[in-house]
Structures are given as structure tokens and as C-alpha cells.
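Written below as C-alpha cells is the structure these notes are about.
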Amino acid sequence: MQDIVCTVVENMAIAKDTYHMSLMGSFTESLRPGQFINVSIDGQYLRRPVSIFNVRHNVIEIIYKVVGVGTDILSKKTQGDTLDTLVGLGNGYDLSKSGDHPLLIGGGVGVPPLYLLAKELLKEHKTVSVVLGFNSKDDVFYAERFKDLGCADVTVTTVDGSVGIKGFVTDALPENYTYVYTCGPEPMLKAVYKAMKTSGQFSFEERMGCGFGACMGCSCKTITGYKRICKEGPVLTKEEILWDD
Amino acid sequence: MQDIVCTVVENMAIAKDTYHMSLMGSFTESLRPGQFINVSIDGQYLRRPVSIFNVRHNVIEIIYKVVGVGTDILSKKTQGDTLDTLVGLGNGYDLSKSGDHPLLIGGGVGVPPLYLLAKELLKEHKTVSVVLGFNSKDDVFYAERFKDLGCADVTVTTVDGSVGIKGFVTDALPENYTYVYTCGPEPMLKAVYKAMKTSGQFSFEERMGCGFGACMGCSCKTITGYKRICKEGPVLTKEEILWDD
Amino acid sequence: MGRLSVTLCGIEIDNPIIPASGTFGFGYEFAELYDINCLGTFSFKGTTKDPRFGNETPRIAEAPAGMLNAVGLQNPGVDKVISEELPKLKEVFHKPVMANVSGFSIDDYVTTCEKLDKEPQVGWLEINISCPNVHGGGMSFGTDPNAAAEVIRAVKKVTTKPVIAKLSPNVTDIVSIAKACEEAGADAISLINTLLGMRINLKTRKPLLANTTGGLSGPAVFPVAVRCVWQVSHAVSIPVIGMGGVSSAEDVLEMLMAGATAVEVGAANLVDPYACPKIIEALPGAMDKLGIQNLSEL
Amino acid sequence: MGRLSVTLCGIEIDNPIIPASGTFGFGYEFAELYDINCLGTFSFKGTTKDPRFGNETPRIAEAPAGMLNAVGLQNPGVDKVISEELPKLKEVFHKPVMANVSGFSIDDYVTTCEKLDKEPQVGWLEINISCPNVHGGGMSFGTDPNAAAEVIRAVKKVTTKPVIAKLSPNVTDIVSIAKACEEAGADAISLINTLLGMRINLKTRKPLLANTTGGLSGPAVFPVAVRCVWQVSHAVSIPVIGMGGVSSAEDVLEMLMAGATAVEVGAANLVDPYACPKIIEALPGAMDKLGIQNLSEL
């Protein structure tokens, strides 16, 4: 973990209430797909955790949705503004389990961390299949960027069918894959958990106090004991997940 | 009273911890010498009252001393920054009482409101004498600007004698004058009260909640009843003052 | 009935926005700025049997996301309020006003309420048993269920107007006090008064306020206020007026969702004199976003 | 003795800065970021007789100038704290640590303290009788002078280490509880624990926290904390540890001027992991400005 004052390079709307922000800073740690950053926002006491979409040189790219006061303030930042940011938080995805043909399943703002993951898996010459689910056409973003990376196939689903396959991500899963990496809202994760035919890794979201393991604000129960989403997570393996209900 | 978003035109240090700020805005009310503005400062809950140093066209000039967190934030504002400001607060000085030869006595950050007052009195062809007291050379500001206005005589005193007459303002009062206008720290006001040979008007300072008469935070007792420093004040006549002790 | 209107103890008000006592004087300062008839009503400056100057200054201090005050119930006394303030108010405010009453003995409260009861301008009597800034009265009535009930019972005997008990959060069990007031006949509960706080002047190493301690208000206390409103509104069957740090239309909705029937706005008026009309104007838009048709449904 | 050093119950500490329980885990997360031996000491995660998961999530909510938490004393239980956490801590922290103890019965407190008493790493036992986020224990001991005294008396019998009673501000009269603890043998008082608060999710119209209510901490509560420290330190003759919203060197000085001997820093650690070393570094400069030679003179 590093505490860095980042400079906003770009902050643009890319879908309904959805923004793509690039932050420049002197990161010394190498950042892994599935990790997140924790951004201090003026006027808000708690930082806001946001997953990493992409990393290039000294720039971290994030994609976030405006869901409240904090993200609304974030959406108004412009080039040159600075943000105090904790970077390199969480465990991230373990790429070594992917097999030859990993399947990446993202829903809504769960899509972004899969982009850096796809990039890294493609570097290792894996065949990457991608299924991205959104509510509606206005919410869809960046499916084409996954194609541009070189993913073998990229399928988009929308709940209302306004673009891509009508339905949920689980209505569009391919036949063959060796492993699943997924990130999205909990109902989607549960559906994927039931539908998937291999093992896999799930990235979870939770309200956090600190983001670095100090406050126990984001604990969850797993088969292998209590875990902090911010520290031992946000990525859990299918085998350790213990659903609430 | 008007609530206006002002733009900072200039904000420069002019003496030790002392700043001169010019604020541009669309003021429709005419502002009187001795009135003050109440400035909203980011990160602070309460506004900060500051007396008016000068008014020209659509610019209000203020002079303030950094005494705490709020004024420290204010001192860091730069050209183009905006400040939500309530303008035209308080009663201000009554010029009609001045006679031909008013004496203006200011101490430290009590000096600024006397500048606009001198300007207005001179417009009415009065002979204006000025005595300005400071702690030390580093604290002195703008004595020459009173001379430039055309004041008949401007005397500076410093407690340590590093410039001007060594001592307090009361050690440098002229022989002849028709009326006194004064502003400064309470011990100075008390000393002036005792030393002056005519009637006069005193401008008081107090911690305020609202600045416009709503909260009763700055009340004081006078011979003519309870007064709010922000509303019936900050200027009281010599005859109505009731000293605490 | 409009989208914003609610009924408070049988009196319909156009909206639930009520400037809180001590932050709105007797209304004139604000009437110079905007038409105060846009308000649901307002609670006027805490009135006592006799005139009071209140505490020495400084009475005000800055706090993180809030302020401390120790005004100490400065007011001209009930007789002058009736003879001077109410007639002046009549010219600028044409709705029932909420009379806020403080006292140092049961008799004080009774005398003041008896007099205000005769004023047709007064719609409600808000009985302040929670002022933290006066000694030998005020808050001491509001920290004990029996003493609180005694005040309410005595006041109820001398008025037919709805009686609202204004409670302090500086207690171990606010629910027990609210219930005692309900049993004693209170028609509504308003809460919270300020939290007892203090600041020190680092240069003098002495308390910033002449009164040593003062009442904390502003956004800082909002979560405490929401909690108190929730607890009390789930425990009593009379209406609850929520207050404490309310500064936006969203805060108002949060208070109503916590169980409040109406909302008082305090410190916000002092830092933004237009706070209340801004909130009233913003409410319909905030309701639209959340799918709320009428406030009365919350 | 350095400029910053103070003595807390007979143990000299290099400076009065003590990360508060529940915001610093068992120290490792911070030891990865800086040498935690720069601290006066720290109060480790509230420990109970048996392991606890705590409350369901969400456990955290935003508040104006602060946050709400309802973690509910998640901890591995005293046996694992002794067998696993303390040996790991020994490698990164070489000073006496403050053990924070919670319980749901007098026996719970006694059993846990008895075990921690035998650990040479433990310098002080901080007895939490003020946790607002657990039911049937915790805060209920801290809201009644007799119950508070009973816990302290029982704990004092099984330890020779200094016992610090950590008090809740959610009471009518904190002084009476502090005095009861002093009479029961407490060696120091620490305060304040969090203020009971609540937030509501406007979209779901339900409480944001799974536990409904939570504890408010952060700068918002600072004036309440200063007031409690002032009141208690003027009423007891044992040392007082001040906490509640402390975020800067100036806040530390204000707490010491209010009567505190040392200061715990809580929520600030969560939003700025370097908060404590920054405060320690800033203290000498802040003292110079105010003409304070040594903290022990305050």
C-alpha cells in the first residue's frame, strides 16, 4: 500500500452516471488486477474504494458510478485536481489458476477490474472469453475495448434487451472454459456461482472504513474463517464463499 | 444585506500576518464605513466577519489578520477563487456627527474601517486627523494611504517604538478635534474612552454566529438596553457604552 | 393538500420545514430577506417569564461541521413578546407560529404558557426542557422522566393549544423521557436540542465560551438526531418533530424516514440565511428522484 | 524525559499519542507502513473471553465530519490473542501495549483480564464498559455508576496492572460514573467512546447499518469529548485519557488543556494511516507556537 497524491489527468462520462478517471502519480508498487484504490474526497470523511480498470506507466485508470454524494463530488473533478489516494489495496485475482481458456464475467461497475485482468491473461497467451452484463443500453461501456485487447469473444447482455442478448450474464455463458473470474453485484455473483461449471474467483463489494485491514468494517464469513473484504479480499475463491442467506 | 458569491481579485500580505483582499461582486446596496461582511470559508462552519476597508465600483476591499484556522484558509485564496459573502452588515459610522475636524483612532486590525470613513469624511470637506497604533514596525500598514487620501495629519504609534511615536494611541492624541471615530481592541477602546475630550463612536468586535441579528450570539449590554454587535452595532456611541467590568 | 404538506397536531402546514427556536429570532431579520410565509411555521426565540440578557460573551465557537452556542435564553420576557414582538410578527407572518417556552420552575413555565395560550397567533407551545446553557432549570427538567412529566402536566392544564415537549439528547435513555412526556399529555415531541460540548482557546488555555460549555449543533450532530428520532418515534404514538443538523432536502427526507412528522432547521439558518427556502424549493426534486409522491406518505 | 513524554499510571511513555482500540487492530497493518514504536503505546482491538464475529455488514457509514461503525467487537478471543497476536506483535512493537477488554458479564471481564494480566507485554488494561454496538453487555455496564464500579472492582482483584475504565458519553451524568470507577479502584479513566448515531439509506428507506444504530466518531464528536474530559478531569484525581475526534497536534493540545494526561486517536487512523506519526511530528512545532516547553506542564 502506498499513500499518494494523484493528479487527475482525465475524468469523462462514458455511460449513464458512469465515469472514467485517469490518475497520475508515482506508484512504486506493481498493481494487480482485482486490486482497488481508496480515494479521499473533499468534504467526505471516509475514503471511497474504487477498483482498478487499467494501469499504464504512472497512470491508474478507474471507472466508477455516481451513487451518492461522494462519487458525485468525484465526478466533478477536472484535469489538474489532486486526490489523496491509497493504492495497491486488496489481494487481487490469482492468475495462476486460469487454465488455458478463462471466462471473465462482469456486471455493471463490476466490469472494470476484468479489463486489467484480461490484459494480463492475454499477455500470458490465454484464450479469454468475456461476458458483460448491464441493465440497459445506456449503461453499457467499453465492450469494444475488451475486443480490441484481443479477447476471443465478448458477449454483452442487457436486462431489457436494448443491446446484446436480452437477459442476465448467466443466460449467455459459453459452453467451454477452464476457469471463471467474476465481479459484479451480489445477486449476479450468486447466479454465476450456481451456473458455473468450473472453479473460479469472485470479487466482492462492501462498505469499508479504512480499506487496509484496520477497522474490521468489511468482514465476512467464509468456509476458511472470517475474512476482511479489503485485505484478504476483495477476491475470494469459489470454494471459500459462504453465502449469507 | 445581500448574499453574494464574490471573486477574489487580489489577496496580498501587507504586514505581519496581515492581508489585503479585494473581492468583486454585484453589490446593489451602498455600503457604509464601519459596516462589515461575513465570509463563508470552505471547511469552516461559521462565517468570518471582516470589516470593510474600501469600496470602489463593484469591488469590496478588506484587511484581515491571520489569527486562526479560518483566516489562515482565507489567506491562501488566490485570484479567481470564489467566496460566498454576506455584505452590508451592521450599522456603520454615523458621519453626520463629525463636526469640522473629526479624529480617527485605529489600533491594529481596527485600522481598516477608518480608511473608508476618512475617504467619506474628506468628500464632505472635513479636516481629518488620524492616529494609528500598532504593536511594532512589522505590524504597521497603510499609514501613507491615509496621507494620500488627504488627511490633515496621520500619526503612527508603536508599543515598542520601532516606528513612529513610542507608546499607545492615547500618547499621541492631538489637541484639537470635534469628534472621535475609533476601532480597535477593547483595551485600546477603553483607553480612548477615558482620554477623549469630545463625544464619539466606537466600533466593537465580538464572536458572531450569524452576523445578521438572528442568533443573539454577540449581544452586549448598553446604557440604552441590550444591543447586538452585528445588527445595532458594531458601532456604538460613547454615551451608550457600558463597559463590562 | 400539496405534495409537501403535513399535519402537525391537527394543524395542516404547507411543508414540514420549521426554523428552530433561537436561530430565527422573531422572524423579522429573515422577513427582510424573503417572504417567511413560505415556511411551514417557525419556532420563535425561547421565551421566559421574565426578561433575560443570557450569558456573557463569547457565546459562540466554531466546531467541526458545526458550532457551539451558549446564548443562555436571551429574550425580552413573555409580556414584551406578547405586547411588542407578536404584533410586529403579525405584519410579516400570517400562519400559526410555534411559541418556544423555557423556565426555571414549574411556575415559570405555567405563567408563560398561560399568557401565550391567549394569543391567537400561537399555534403550538414548544416546551423547552432541554436548554443546556442555563443553570438551575432548563435541561435539568429534561434529564429526568418525572420532572419532565411534571412540567408537561402543569402546562397542559393551562392551555388548549398543542403542547410539544422539546427534549435533550444529553441523557442515558431519551425514550423513557419521551414516554413520560407522552403519558403526561404532550401532543408531540421535538428533538434533539444541542449536545453539550466545549472548546478551549489554545492561546489562553481557557474555555472559549464565557459559559465554559455550550450546545453543539450543525451537521455534526445529525446522526445522533436521526438515532433519537428513530428511537422515540418507534416508542411513542404522538408525532415527533426531528431536528439537529438538518441542512438539505435529503436531510429532511432522512428525518421523515426515521419517523419524524416535521423537521426543524436550526444552525443552517445562521450560516445561510436562505437555508429554509432553499430546502423547500429542493424538496420536490429530491422526492422525485426517490419516487416519493407526497411527504405525508413517509 | 523528552518534551513530549508523559507518565500514565506510573509508566512513562515517549509521547501521549495512543491509537484507540478498534482503529489499529493488533498493530501489524500499520507496522507495514511505519515503525509503530514511534507511538506512546496503542490500545489493541477490543478482546473478549470468546471469539466473536461481530455484527453483520454493512458495519460502516459516512457522517458529517465523521463516521458510524457497528463492528460489534469482532475479535479472535483472549486465548488466541495471547497465543497468536501478542507473539506476532512482539516482533514489531517493543513497548508496553494497552490491552482493551470487553465483556457481557462480570465473569467475562474477570476471565479475560486474569489471562491478560500474566502477559508481560501488556502495560495497562483498558476496560471497555461503553461499547454501543453489542447487546446485553458492553454499554449497559457503562451507563450505571453501580454496574460500572462492580466491573472495575472485580477486575482490580485479578490484576496488578493499571486498570483504565473506558466510558461512554451516552449518559446523563458522566461524572457520576467516572467517580464510581475511581472509588472502585480504577487507575485512570479514558473517554469518550462513540456517540450513539444512525443513518438511513434514502433509497431503501431502511437503516444503513445492519445493526440499525452505530457509534459516531471523528471530528464531529471532538467538542463533546473535550467537554467530557474537562468535566471528569475536574472531578476525579486519577489521570484521564482523552479521545474523540482527535486529528491534529492542536487537537491533542486542546485535550491536554482540558485535563487529559494522554490522548487516544481513533477514526483518524482509518482515513489517514499515517495520522499518528504525523501528529507526533507536528507536536513540537505546535508547542513552540504556543510557548509550551514540555507536555507534562499542561
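A, B, C and D label the chains in the order they appear, each numbered from 1.
The rule we apply is simple: contacts are C-beta pairs under 8 Å (C-beta built on N, C-alpha and C of every residue); 3 or more make two chains touch, one makes a residue touch a chain.
Note that the structure is a prediction, hence the values are computed from the model and not measured.
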(message) Over the chains that touch one another, what is the least number of steps taking chain A to chain C?
(response) 2
(message) Applying the touch definition from the top, give me the chains sitting in contact with each of chain B and chain D.
(response) C
(message) Can you identify which chains form the pair with the largest number of contacting C-beta pairs?
(response) C-D
(request) Specify the chain most distant from chain B by Cα centroid. (result) A
(message) Nearest whole angstrom, what separates the Cα centre of chain A from the Cα centre of chain B?
(response) 57
(message) Quick check: how many Å separate the C-alpha centres of chain B and chain C?
(response) 36
(request) Pull out every residue in chain D that's touching 2 or more other chains. (result) 61, 63-66, 218-219
(message) I need the residues of chain B touching at least two other chains; which ones are they?
(response) none
(message) Using the definition of touching given at the top, classify the network of chains in this structure as line, ring, star, complete or other.
(response) line
(message) Can you give me every chain pair that touches, using the contact definition above?
(response) A-D, B-C, C-D
(message) Give the list of chain C residues in touch with chain B in this complex.
(response) 22-25, 29-30, 32-33, 45, 53-54, 56-67, 69, 71, 74, 218-219, 267, 269-274
(message) Quick check on the complex: what are the chain C residues that touch chain D?
(response) 61, 63-66, 68, 143, 170-172, 195-200, 202-203, 205, 207, 212-213, 216, 218-224, 226-227, 230, 245, 250, 253-254, 257-258, 290, 298
(message) Touching residues of chain A toward chain D in the complex: what are they?
(response) 1, 3, 40, 44-47, 69-70, 86, 206-210, 212-221, 226, 231, 244
